[in-house]
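In the two assemblies presented below, subunit A is common to both, partnered first by subunit B and then by subunit C.
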Partner chain A sequence: MLGFFLISCSGGEGSGDGGTTTGTAAAAPSIIRMAVTTDPDGLDPHATASASTFQVTSNIYETLVTVDEQGVIIPDLAESWTVSEDGLVLTFTLREGATFSNGLACDAQAVKASFERLLSQGVRSQDYSGISGIDVIDERTISFTFSELNVSALTLFAYPWAAVVDANAQDLRTNPVGTGPYMLSSWVPQQELVLTANPSYTGERHVDTVEFIMMPDMTSQVTALRGGQVDIILVTGDLVGQFEGDDAWSILAAPGNGLQLMAMNNASPALSDVRVRQAINHAVDKDALIEGVWWGYGEPIGSHFPVVLSEYVDTNGLYPYNPDRARELLAEAGYADGITLEMYLPRNYQEYVNAGLVIADYLKAVGINVSVQIVEWATWLSDIYNGRGYDLTVVGHTGRLDAYSLLSRYRSSSAENYLNYSDPAFDALLDEYSVTVDEVRRTEIAHEMQQRLAEAVPGLYIQDPIQIYVTPSSLKGFKVFPINIFAFNEVYFSQE
Partner chain B sequence: MRRRGNPSLFIGLILTLLVASLGIIGVLHSPYDPEAMNLMQRFNGPSLEHPFGTDHFGRDMLSRVMMASGTALSSALVSVTLGALAGIALGTLAALAPRWLSTLVMRLVDALMAFPTILLALMAAAIFGRGLLPSVLAVCISMVPSFSRLTQAMVMEGRERLSIKAARAYGAPAWRIVIFHMFPPVLTRLVTQFTSAIGGAVLLESSLSFLGLGVQPPSASLGMMLSEARAYLLTYPWQVLPSGITLLVLVLGLNLLGDGLGSLLTRRSADGL
Partner chain C sequence: MFRQLLRRILAAFIVMFLVSLATFAALEVVPGNAAIVSLGTEGNVEQLAALEAQLGLDRPLGERLFDYYSGLIRFDWGTSSYYGQPVWTLISQRLAVTFPLALASVLLALLIAITLGTVAAVRKGGVVDIISRSLVQLASAMPSFWLSLLLLVLFSSVLRLVPMGGYVSPAEDFGAYLNSIVLPLSVLVVGETGPLLRLVRSSMLEAIGEDWYTAAQVKGLRKGRVIVSYALRSALTAPLTSAGTQLAKLLGGTAIVESVFALPGMGRLFLTAVEMRDLQLVQGIVIFVSFFVVLMNLVTDIVLRLVNPALEPDGGGL
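Right, the complex of A and B next:
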């Protein structure tokens, strides 16, 4: 009787504890809702180049390796890897028991099939053209052979577009099959996309449901956050003030891996003269520009390099704000009577439009007349980026993990060299970087490349934007990564 | 004839002139360059230097409102005048032409009427690019149906009038009948229609520039100023006021003016008969 009493008592205590635990678990919501401005363009990571899509797909699929907040490569689907002595062969060992959300095993054969799919039909397949062979060594071991030395080869396996998919699955755009912590539950385009826990995933995961709610309008996002309809929003600098100093909200502001610049067409007659480009750099007060358009939320840069990368070197201050010097340089270049330049701005990016208008106003003050045209994104891509028919344009670039892939667009022959920049010495540095194994020397080269760009100013480098996320302060574990991924499996609600 | 008892006309005239004078002063002597930015002076509230405050680039809002009012009124005048001329011509043609041609013209006008103006403007923007001219063209085209229907109806109605029949019996040529006998009574109605159409055109042009289809930055237009201010609705809600109130006053003024003019002229023509 006594025994029974004790048992029931301890049982009572136990269920009391259990009650507390489940009680708080029920109180802490098991769903994370993030407001996003754009619908993903399908959920096939090989078939897109869109940052907003990768932020969703990175929770459905895994990559062989991934990065931490500092950009250091860490295990993901592969638990370990080795690099051969000559640097040409990368061998990955897969996590034991990795399984796709459809129940099929994700073994080395499946990984090989996924990379073959990436190579044959991926949007970014060109980045992987250096891979000459993929060999399945055993069920959990796979090796990639490169035809020539590429010191940043490992980072290729961390980008979200290299995600491992079930290559046999039909129509990944709407029926994604991956090994990640979540799988697609429902998707109503232009409204919401719901992810639910993938039962075959065994790693860290605190919350079972992740919802992406489409809200193109910033005002409604803020209202929804305050009303408790969403948990994470990305805000602009002017809205931070209303959340600051309030314990109910936490603000995560970190420089992203990206950069914004006013690109100049170095092949256009006036802008091919370095003095004109320098004059333009002297004419603009960069700090006021960042303050004016981004509310000061940005790190000024002097070259094509985000401040968050380890190879960054500070090249600011080469051409400080000095309208008189700008006028002198223009006069030296033979444009004392002024020039007219055409500026094209992408309509959907209001901040680039605003930045362009501010720059145009600064340039007017030194005698450069800018005629502004605001164009659709598709027009921008075809006429400006690919057609290169422009003088000036303001745009942003998302960062990469290493200097080579970031800066290779400045190679004279690059298809992505929409600035028409041409410098044989810079090309030689790029070549040297890609085959230099010694890390110290490689960093030196990266610095030298940044320095060359900062001096020749093929563009007006503006800033590395600071991304500002606002969440309720009970939400923890939300991180910003140097590539376009989110890790919602690490997010949880604290019990405080 | 009593001239009292027409407050619509009076108030409408005052409101319209108020905004029109803003526009005219802006052309003659703008307090500041409406496009000059001053990033250190953003979102300043109303003050002596900047009676309407400054916008998100530190531009003087009074100067911008002046520039925008001028653009709004002149573009509305141009587009409604062109639209009205085309509409009147088509309406007269439809009323006097043989039945098959008349049917063809009026069905075309009906088809035009069925088109939402914004869609029309998008088409114009796709063909001619964005800017003031395509938007004027779109507004102009959207004005055609109402004018042509009005003209057609009134000419048809007038044709049956005794005086016209008499003129025809005297052997007056068709053009003479149209210009000297049919047009004058139609004119009063057209003037009324014209005035209120200008109000509609101002609103339409503003909607187009709100959507980014009309006047392009850095120039100012009321709709664009509203759309720019909308981004700061949470932080600087008063930013929408200068352009919003100007638009309200202008459109209200034009509509009242149209009403007032309408009742004045119909009374006059009633007196005249």
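Right, the complex of A and C next:
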């Protein structure tokens, strides 16, 4: 009886129909509300590097290609593509009838204008400097020519910062114009951002309205989810327990494409000695650290490589927890009487602060005295990341789709090499990777690079964090991708 | 009176200008800028330089100062580098949330403090005195974030009396608006009442200890009239001054309470502006709030003189 009542009740409300509607205005009116902690940094995908922006803009704009949950490249604005024999020219065929939300056609000319905008003023323009020519073949065909071979060139077109925008639109930061399933309806910073269906989009879409509700406090988010005021939240490991084993909730816990590490400044006197870095790795019980700081929600890693990428190789266990061995190595390096290192932790990331404090305790036990300073995020970015004035720091990185873009920050000359790591053999491997077309050999090189990092330990690689999303169990189709995007057009409410 | 007002307004502008100069200087000295924060851990030196040029951060300080103040004179508060929206739009959105909340909480707190404080002073050592003093102790021992969470979990999650989920504008749905602010308002009232009550009580005790109070009683005036018309009037100076300052302080926002209740108030905006090194927005809020502090001092003075005409006209100071 109760079951019948529930079914008829929700049928009466008509909230979605199990996901068979595609893009018709007649679809049952419904709404998805996601709690987020911060606002996007504007809605112009070319003008920021902020994940909070891309999670919103990936629903407003499309990229030429995109990825599925496994990171495999799939069509988006382009329905197909070809790569020339020499690998230097990529040609995309656009979806027929692609139209911006302002009604203007999104043809090859518009795509060209968007990429010219990205190249001239995008904050990521450096990543695309290999593009030497953009040619419009016909209305729906566009080709990109690269000056030198880059085997991961295709992935460049999948990242959310390469989204195709209407380059002639004014002020995309507050008035975004794209070809995606949704468009901006309203945005009151620190309150809510509302997306509504983009009428010119004809692909899959089940829900007409998507709301991002800004809630900085995690307990408030959990309360809001329980009270039915939001439908999707991202929780930390300590808060997930209350939802476990309860059929009313679905928990989506999967390793994200990211990694967290304690970076070391390889140019500082003590840390330039590999034995000291190895000692630090021996001194820390990684499993206990992950258990203590992340409630066990993380996959331990041995090098700068998220476990979700296909080229991942397990390099854990090279330097197991062994304080005695750590003391021996320190003595060999000439630090039998102990050393003092400076650790800087970013205040805005409580988990990194906690991890740093736990690590400092482990290090103290083997004779490394750590003086900890907790600094504001902007200060951290300025003095530690860009200024490289530190010994130790704990931070996280978002992953990329291929080993080259992920690991190129370890190139001796890289401007992003804040660890000051320098290994000519590693640089050579990076060079080789970028021009190796043979996939088997490329994977070998990726493994070799991970192995080198795992041995030389320029940092203490901690974990690939597991992201935990909680939703009511009636919400279906919510996916976690290896890049910072959401696909709300695939989300729907089932009536089961 | 008019000349005095004019002098005060002039002084207010000087204060606001100095405060904003100090803010400029402070943000110039602290490490990091809007471009660095925007790029995060995925940027490099070339990208940084490009973004700094885009945001105009590479221009000399004098030039930026000149641009800012010449804009301000034309009531152009600039554009937030983080949100990309006009600073004035952001501040006025926040003011609509923060001002009613701040005003209501101070007025309610004053009402409670005056009532309880007067009774507590007149019947010193009585039931009301003991209970109100204990409650003040308790209230000041409770951190506002803890009380906020407690109320939230109780009324929102367990009893389900009020919704959990941010702010509803009164224009949209007045009932829902009241529901969305009743808990934060309670937290603020609890926080504000304590100090005010203590002030009312001690000033009242002082007033009824004066000779004229005894004289009035001896003369046979009714006790209630003596308390309300004479003692309370003279005792209100300190609490009213304090309430004025509190109101100005609350307008600057209460970041913690706003965060817990997901209210889009001034405090959260200011916090984000500083963290993101959003210079225009920080400036806008600082100038706005310092204007309010000055204004509140003025209003408090006027109210005080209305309540207690015996006060000396403020001749010397600002």
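We adopt the following convention: the second predicted complex is superposed on the first by the 467 of 496 C-alpha atoms of A that agree within 3 Å, B and C clash if a C-alpha of one lies under 4 Å from a C-alpha of the other, contacts with A are read in each partner's own complex, and residues count from 1 in each chain.
We adopt the following convention: a residue touches a chain if its C-beta (ideal position, glycine included) is under 8 Å from a C-beta of that chain, and two chains touch if they have at least 3 such contacts.
All values derive from a computational prediction rather than experimental measurement.
Peer 1: Quick check on the subunit A-based superposition: subunit B and subunit C, clash or fit?
Peer 2: In the superposition, subunit B and subunit C stay clear of each other.
Peer 1: Thinking of the overlay built on chain A, is A:Thr219 touched by subunit B (first), by subunit C (second), by both, or by neither?
Peer 2: In the superposition, A:Thr219 touches subunit B and subunit C alike.
Peer 1: Using the touch definition from the top, say if A:Val353 reaches subunit B (first), subunit C (second), both or neither.
Peer 2: After superposition on chain A, A:Val353 lies in contact with subunit B alone.
Peer 1: With the C-alpha centre of subunit A at the apex, what angle separates the C-alpha centres of subunit B and subunit C, reported to the nearest 10°?
Peer 2: Taking the centre of subunit A as apex, the angle works out to 30 degrees.
Peer 1: After lining up the shared chain so the two structures overlap, which partner does A:Gln373 touch, if you call subunit B first and subunit C second: first, second, both or neither?
Peer 2: first
Peer 1: Figure out whether A:Asp238 sits in contact with subunit B (first) or subunit C (second), or with both, or with neither.
Peer 2: A:Asp238: touches subunit B, not subunit C.
Peer 1: In the overlay, answer first, second, both or neither for which of subunit B and subunit C A:Val230 touches.
Peer 2: A:Val230: touches subunit C, not subunit B.
Peer 1: Does the superposition put A:Ala283 against subunit B (first), subunit C (second), both, or neither?
Peer 2: neither
Peer 1: With the two complexes superposed on chain A, say which partner A:Arg124 touches: subunit B (first), subunit C (second), both, or neither.
Peer 2: second
Peer 1: Who contacts more of subunit A, subunit B or subunit C?
Peer 2: C
Peer 1: For A:Gly42, using the defined touch cut-off, is the partner it touches subunit B, subunit C, both, or neither? Pick first, second, both or neither.
Peer 2: The answer is second: A:Gly42 touches subunit C but not subunit B.
Peer 1: Just the number, please: smallest Cα separation between subunit B and subunit C in the overlaid arrangement, in Å.
Peer 2: So the smallest C-alpha gap separating subunit B from subunit C comes to 5 Å.
Peer 1: Based on the A-chain superposition described above, do subunit B and subunit C contact any of the same residues on subunit A, and if so which?
Peer 2: Residues common to the subunit A contacts of subunit C and of subunit B are 219, listed in rising order.
Peer 1: Show me the residue ranges of subunit B that touch subunit A in the complex, using the header's touch definition.
Peer 2: Within the complex, subunit B contacts subunit A at residues 35-37, 39-40, 42, 56-58, 130, 212, 216-218, 230-235.
Peer 1: Taking the touch rule as given, give the residues of subunit C at its contact with subunit A in the complex, in rising order.
Peer 2: 30-33, 36-48, 50-51, 54, 82-85, 90, 93, 149, 152-153, 156-157, 160, 163-167, 259-262, 264, 268-269, 272, 275-277
Peer 1: Provide the residue numbers of subunit A that touch subunit B in the complex, in ascending order.
Peer 2: That would be residues 218-219, 222, 238-239, 241-242, 285, 288-289, 291-292, 347, 350, 353-354, 357-358, 360-361, 372-374 of subunit A.
Peer 1: In their shared complex, at which residues does subunit A touch subunit C?
Peer 2: Residue positions touching the partner: 38-39, 41-44, 47-50, 121, 123-126, 171, 173-174, 188-192, 213-217, 219-220, 223-224, 226-227, 229-230, 348, 376-383, 385-387, 395-398, 414-416.
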